[in-house]
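The same chain A turns up in both complexes below, where it pairs with chain B and then with chain C.
This part shows the complex of A and B:
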């Protein structure tokens, strides 16, 4: 979602296009075309967003009348150890997801790009992307069995290799890494496709020039391919982080209580429990604004960073 | 942006024999990665076709022996699977078709029509892309409760009709279509709806395909929404239905596997059929945007 709005807007428009603007008399046409979107936007995005801010100032359980709490919900957040725990888990998850997806996706794209065997290339591309089209619900349930301590695939084959396997989801130090691994399996295809597409944007002439100058494969990769791919890598980084920061489905399905010792409790999981299980609607709204704040900061960093660091 | 995704760059021929051993190793490594990626899915399908007494045996069975389809027949005794599949289809179709229509209209307004506040409205909508669904879900839940739509499918597809990313994507795409085309039609007396649906939309095939695929997939696989809005099994969609089946008592593991297979395999078949457009839609939404 790198947004090129400003660039497009500043492009001067030839005067020949002006007729649609009319003399201001045909303005209603624009509103008419926009009105379904605008109505839905107010009803389901803008309105609820404002409502979330208002709700965060109240104490409400959805049944009895709401009580004004001022900034009480926000000050309560500072003294909430479980919120800190969930934030820490979420950042660990998001960073692990970021690193594994970017490195894995780039390596796989580079590898597949070099494959000459059409059949093998098709097989690898398809198998990498297969898990991504499947719903999280199916993926999470499947992996509950794949990692089952008694009859799971992973347990058996790692055992054959002589490795002792932990009780993945019930072990506080393994529950979150397990979910990181499952997430990798599920979404690596997405990063891979983005990277593969980015790889095609590297001009062949540059690669050829590097080769003529005597650069080896590693130098070409490090000094030509990766700098030329920086917009793609940057985009993949932001989208992976934002997606990972909102991780919820596999956590709720595999560890419905937030895992052993709250080791898989993510921010969105915490917000779900507060809002829809213990019905602390005001507090949940405050937490949801925190999620929004993090996403906003990351998105604005993207705007700022893509101008500074990324090759254009 | 579509085709390049699937075409590999031709390597220079003169170096071919020198790199060969490395290439073989690379091929083997990628083959292993590919096999590891599909192994859980193969295991899933095989177990779902294996008789209950032999399923989940150790070492893991990679062939369905003894073969049976009873596991699939047993799903319906535990969850209304057919009903759930229809619900999923209904929600996905309504939200995809509806959101595409709404977004195409809005994209046209932002690309071609002049009206007061156009840039401001677009900017407000775009900044809303930063608002996660988790922030709006509580007020939307309260709204749905007041409308009496909790535990109705409409609670899922109504909010999905607004798709800001698609609106912006269409606006960008429409901007690349030469304005001379619609100017010519205007001079011939064509109305705006005619220009949109007879000129612009037919020229926007790739953009439309990309957004349709992404919208349908998002709706079909949605778990968060159904978890919050739906409670009775006959109103549930497939993802939440699967989880309910697994959590419920009485469902043996093979039946759960049969249900997962029944959900997953059609998606895999559709994906294989549309693989090119699928990968292209992801890449274009990512690279172009």
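This part shows the complex of A and C:
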């Protein structure tokens, strides 16, 4: 037996597969399949990224020749209070979005996963996902009507209950929370579906073993389900943060000037205003690189932190 | 011979796939901005005087119908020239100017762009427009006759604000002023008589209080300040104030008169005479339903009145005044772009626009502004099928003020709107709101 094992360990490796006639052409087929995606990536991601780096070194108003500015656009960012404000708003929005989506998505997935009635289960899944397929423009207008301070449904029914409603989008205390709420309604379906998919990959054997060992529902969730779902939760966390940090559409439609007292000014909206309204394209490019850097750092931190809690 | 195994790559862990997907999602934020490149420069050519002209203008669906009819009429008069027009429903002129600038920077080429006052200085200072002086000299008789027939202010203002280097870049077209469209049925129901001539702020507010008490209708819709031409300027100008000085070099948004105007408008809001800001109030529809007594606007609401079959129920009144009559004036400017490859045909179109036939035709088919030719603006082509009092629209040019439109129009508009909104909603005291806005305006001028 030992000999046999030793023989197996020391057995010579089979000869490496040598390229044969036709291997080159098969490689080209592979590259050909890659080409469309690569072309799109270069055209719409890598190319503009390089262009942004170049533009950030210039002062350019789009219509007259650009002037080299060195790092002037970057140093100008340090003394720009509105940039700080927009970054702070964006972080608040992104963190709120992250927490509400992860917790909300997980709870919804857990709830729906327990439904025994298949028809009801499919109905709830569809209902929860449905807002996500509506365009942001439609969602924003819909909620503008719902929360209208004079005629909105919410205003009307709360008024019937004798409650005063705030002017949701014109009160600096309420404008950003309102947008956070609308964003939650619109995009929770996506997080929910991811969580549900992750939940359904948790092996039943582990859940049954936990139950046999006497674990209650909470212990099973905390010690089995969530650890097994940790790659999914991690993915949802990364995607949610990156999406939230680039928030633009609802803010532009609902509070087009950045809200009362700039309370909803997000950093992407700010760079849009700088680039396409103030014609400071170089500065806006510098801000866009800052946005990229922030997102990259946060994402790297997430990856670094994931080693401690994401199940391998 | 060892059978050859198909080459299979090592399996990629699911976690790794999720990681890669997450990382890839970060890039688009940067790409969005930098996707814009190019320049709006380039020298075009005189062209053959035939072919297709590309043209851009601001207009919603209703306005686009009128423009299309106008272009079709031109094509009928000049069968060799076809117009390929792009209507941009950008909502306001500052946004339209930004949209066009961005398109030009992206390499889009137009022969002609209808530029309102809000974009004229911006466009003429960026070296993207063709000087028209040689064309004007060539067709001096036509142009002189046109200028002789329009209000002299239009020529003077176009030169002052649209020719930063002394050269002519625009042929002035139709214009707009601000008046009030009053639902006479609401006034009658409330037992309030509309005055025969001018009315004061106090009379206006008193009428509103009676209307509110007796019919429940709002007096007026204030807008949220996002449209300074209609939401802000009429109140300032009827109190001798403005957002900027006459040269558009200094902000005057926190003058005592401006503060008084904002305070008065806030009092209308506080008294419940106007719907709260920040909503989705459809003023034209509410006017038709009798839930709104007055609606501010230029010529464009006339199209809504026709659509809503309200023409006979509405009377146009001058804007109520505090110290004297006032109205913002904004006018179309028709340039030829420097990059145009068919300037001869473009000039043919501009010449045609200067004719009385074109002006009358556009007024009849539902043009959204006051015809530049006084003879047309006071004729039945403009006044028929329009609310009583429509003659006040062209009359307002005599006491009107050009809508302040510095190069950074959108940024200026944003500061003005935010200050006005802050004052009206009580976010900050009126004076503090306008002081803050005034400070924000200084570096933009």
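Following the convention adopted for this analysis, the second predicted complex is superposed on the first by the 252 of 312 C-alpha atoms of A that agree within 3 Å, B and C clash if a C-alpha of one lies under 4 Å from a C-alpha of the other, contacts with A are read in each partner's own complex, and residues count from 1 in each chain.
Keep this in mind: a residue touches a chain if its C-beta (ideal position, glycine included) is under 8 Å from a C-beta of that chain, and two chains touch if they have at least 3 such contacts.
These numbers come from a predicted model, not from an experiment.
Using the contact criterion defined above for the overlaid structures, shared-chain residue A:226 touches neither chain B nor chain C, since it reaches no partner. Contacts of A:303 after superposition on the shared chain: chain C is touched, whereas chain B is not.
Look at A:260: by the touch rule set out above, it reaches chain C but stays clear of chain B.
Once chain A of one complex is fitted onto chain A of the other, the partner contacts of A:49 extend to both chain B and chain C.
Of the two partner chains, neither chain B nor chain C is touched by A:76. When both complexes are overlaid on chain A, the residue A:95 reaches neither chain B nor chain C. Of the two partner chains placed by the overlay, only chain C lies in contact with A:149; chain B stays clear of it. Within the superposed three-chain arrangement, the count of touched residues of chain A is higher for B, of the candidates chain B and chain C. Judged by the touch definition given at the top, the superposed model places A:167 against chain C, while chain B stays out of reach.
In the superposed pair of complexes, A:235 makes contact with chain B and with chain C alike.
Residues 17, 44-49, 51-52, 55, 62, 141, 144-145, 151, 232, 235, 239, 246, 268, 271-272, 275-276, 281, 284-285, 288-289, 291-292, 295-296, 299 of chain A lie at the contact with chain B in one complex and at the contact with chain C in the other.
By the touch rule above, chain A contacts chain B in their complex via residues 1-5, 8-9, 16-17, 19-22, 26-31, 33-34, 36-38, 40-41, 43-49, 51-52, 55, 62, 108, 111-117, 120-121, 123-131, 133-138, 140-146, 151, 153, 156, 185, 190, 193-194, 196-198, 200-201, 204, 211, 232, 235-236, 239, 246, 248-249, 252-253, 268, 271-272, 275-276, 281, 284-285, 288-289, 291-292, 295-296, 299. Remark: chain A residues 14-15, 17, 44-52, 55, 61-65, 141, 144-145, 148-152, 167-172, 231-232, 234-235, 238-239, 242-243, 245-246, 256-258, 260-262, 268, 271-273, 275-279, 281, 284-285, 288-289, 291-292, 295-296, 299, 302-303, 310, 312 touch chain C in the complex.
Looking at the complex, you find that chain B touches chain A at residues 1, 4-9, 11-12, 23, 26-27, 29-31, 33-35, 37-41, 43-44, 56-60, 101-103, 105-106, 108-110, 112-116, 118-119, 121-126, 128-132, 134-143, 145, 158-159, 161-162, 164-165, 167-168, 172, 175, 179, 183, 186, 192, 196, 217, 220-224, 227-228, 238-240, 242-243, 246, 253, 256-257, 260, 263-264, 267-268, 271-272, 275, 278-279, 282-283, 286-287, 289. Taken in their complex, chain C has these residues touching chain A: 2, 4-5, 7, 14-15, 18-19, 21-23, 25-37, 39-41, 94, 98, 101-102, 104-105, 126-128, 224, 226, 275-281, 408, 410-411, 414, 417-418, 421-422, 425, 427-428, 444.
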